[in-house]
């Protein structure tokens, strides 16, 4: 039932808290809002401050008119030159359905929020594994890698080719992208594993980022062990504040003290094989 | 012209007296729906006070996910009040609340009538007032709450009064047979005010899976749709006692706050609205000041009376 | 093929036993939200029973307007239960209920624990079962209801049992400190089933006038938004007693009815939905039969279990 | 607070219950739905049964998607030849506002409901007094008068000329219509009284129907006494069922027994001066 899907035998650990931009509460002009097919929608918002400061992997909370809880959405693209950010969302329930039908010309939002993906200055060759809208969590990593002249490789997975996200972005950012789908029977972990191992050979990437699929996360951990590359995962949880005070987004935990908060300790976490369960 | 108006606005105060504590504005957050993090999004200087999440004696982990969700009825939460205990609170959270620059009201919880006093002893006079949460519907699935039993309420409040000189606000539970009796018990125990009320207990079912939508099954409903339920309780309580009543439930605007004033509240707390609109608290506080100015009064009761007369 | 399916559909029964009374379908109207007039809009043969508006001993005029209105929370009503007394009921209304051709459950109200028995004596065995409304929030503005006091409930039911051989359903009030105790009291008094629950007491304020939106100030909230509140009560009650529980609150579809089954209800009542959709009752009754057919069972519990498994 | 505005010194009495068409629950196709200005909207629905059977002054209950209570609306026009009925509604609150924005292609409704205006076969010369959307209550009377070759005279009153309703209908149905507005300072009772007295002279109409204004209702009673013409009024009340079982629409009453139900004993009532209060 929970949307929090920490892979069973893997553990998440918080990344060290680095400096983060101050979040702002903004009323953002809707610059573009259009269906992309397969229930996905592109939403481009004008929010100069967020566009200028957001770190890769950060998210925003978008208020949907008529709903009490804002919806967390990854910042898929930042375009500081025109002050916009791009979100891609999938119609998942009542809120996103209403958003998709909405003709609102501005939307309330708060961001940028959450701990970003960590990219040391040495990391220039990363593997991004994403399924469905999970791809939106890491395209900003590809932006930063492109900016520093590195190379990102991405596996874009989806149920059907109509649901594939990020192909245009990959082209724009010079990402080597493999698209895999259930439709084409190319999205199972074994196939995806073979594809990327073939691609990288013995010299693997120096970092792996994954989002949107438990199976891909498990694959990421295996690949990380193979290549001694650190793995980071972006998780989802139901959220109310996005800022760390409502305690709504805690990861399940045993014992008396509270688990990690996905909004403030994540959404990006280090992902490792659990020593205990081996 | 506009400078004059602005001058008047800034000067207006809508004071509320809670025992020995004077609030300069009747608007404050609802416990658990506010954090010092919100100060990063804009000034909070205009609100009357801050209210903390409930602090328990023991450390608590809270409930399993999903802890929050939304349906057509509003927000469902079964956070379950994670707490790091009074020491953890004093060390890490309290100083950050202090920085905001308005009075701090610390919410305190317990599972026995004597328990509140124990927490208060540990907190000393760190806070400007304390709110006793006698009504958390999330922690125990069955079991009658302290807040459902007037005798227990009076005992808890009387013991708490011995433990602190700070004014005590008692936050009542909505699902009781006679909320008037609960309010009278709080007053008799020595409370300076009551807050009405906590969220409405619910068991939302996810129609897709036919399973409970919350990890803890039972949770609390909050947001605008509960307002008519809580308005009735505020009205019943304001008939029953003489101390101030703080209305809390589904307030999203100054107009919603005035609805509570119209049934007898003296102040209001804003919870869920702060999630959809992080500036809601500051906006409502400012809007009430502006409304009072426009009606040439510093009494919100008078604003309501003028509105009632103008639509007659 | 389609003829076969249709044949099965017509044959399927979803029987519910309420004491000595067998209902062929678990769907029935909620008291006060149904009239024989509805039979003019289409057949009602597929529903389990009809339930009448509450009959009181004394003639009553009801409340002053507005008696009903709607807000974002749902329907507000303060009709106040006008009644022409048992004689008026037997003469004019009862025969029209009988004509519908399904069992008639007559709702009975009173203001003393002995009062129910008095009405029942006058009604004799006209009805197939009686529903004791111990929970009308509209009649007295203050005052603890009979339905909020387990001792009073048990006494009222025990006295009523002496006055009639017909099975008794006790319809509980939602706003009580412990609904489990109320349900146990009903069972101990001799009830054949309980209905959970009546509408949720409210005081809606009209934001335009800042005056109460209902003539009687206090009214009852009903409709889909109260469903999570009542689901919790049904779950608590079904844990507390062995007799069948009838869920009532915000049911608009077969899926909503199954939510109630998932937390322990054996049958359901449909109120407010009949206003927006006058064929709702018949449609829900038929849809449940169809769902049971599709899942190859005559048990709605089994339908729920299959749905739960399929989304695992 | 109540929408029920029985004129203070006047009393309403139920009209004798005559035969009434059976109401039906229908899902009606939206044939036309358009704004008319001043917050008024025209809604033409295809409901052959209601169009064919509705008596003058009857109403329907229209379910607005997303709202729990259906809204009572007078049947403004019946067009049995194409199976449609026409409603005109004013945006008054959340429900009608949502209806005005709705792109629904069909609407659930129940009707025809309520006791109709009584027109004896002798009545051929009637005066209709209506203000705002109150006009919609009696245009079906004009239809019936036209059908029997009689003459209807109407006063169509509104705040502004943009809010005037029924002018086209009056032309189509051969009604002699006087339009009066607050804007033109022609809508006060004194002016309206003078206008119709000038128009009719000593030989008044043989029936007066009024809706939508307390002041017009009082005028109607005075005119009725002057010309010995029976006066009928159509009232409004908040309604849930429209059928007579919810008891939500009762008129205020003293004493132990219930007042009249606007939906089942009305909405059309006989209107007389209260003997007691003179």
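Order as written gives the chain letters A, B, C and D; numbering starts at 1 within each chain.
We adopt the following convention: a residue touches a chain if its C-beta (ideal position, glycine included) is under 8 Å from a C-beta of that chain, and two chains touch if they have at least 3 such contacts.
Here the structure is a predicted model, which means the values were calculated and not measured.
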{"item": "Chains touching both chain C and chain D", "value": "none"}
{"item": "Intercentroid distance (Cα basis), chain C paired with chain B, Å", "value": "34"}
{"item": "Whole-Å gap separating chain A and chain C, where each centre is the average of the chain's CA atoms", "value": "48"}
{"item": "For chain A, residues that touch 2 or more chains besides their own", "value": "none"}
{"item": "Where chain B touches two or more other chains at once, by residue number", "value": "71-72, 74, 209, 211, 224"}
{"item": "Overall pattern in which the protein chains touch one another (line/ring/star/complete/other)", "value": "line"}
{"item": "Contact pairs between chains, per stated definition", "value": "A-B, B-C, C-D"}
{"item": "Residue ranges of chain B in contact with chain A within the complex", "value": "32-38, 40-42, 53, 58-62, 64-72, 74-75, 77, 79, 82, 84, 206, 209, 211-213, 215, 222-224, 272-279"}
{"item": "Chain A residues within the chain B interface of the complex", "value": "1-4, 22-25, 63, 67-70, 94-95, 108, 110, 237-241, 243-253, 255-259"}
{"item": "Residue ranges of chain C touching chain B (in the complex, touch as defined)", "value": "71-74, 76, 142, 144, 148-149, 174-178, 180, 200-205, 207-211, 217-218, 221, 224-229, 231-232, 235-236, 239, 255-256, 258-259, 262-263, 304, 307-308, 311"}
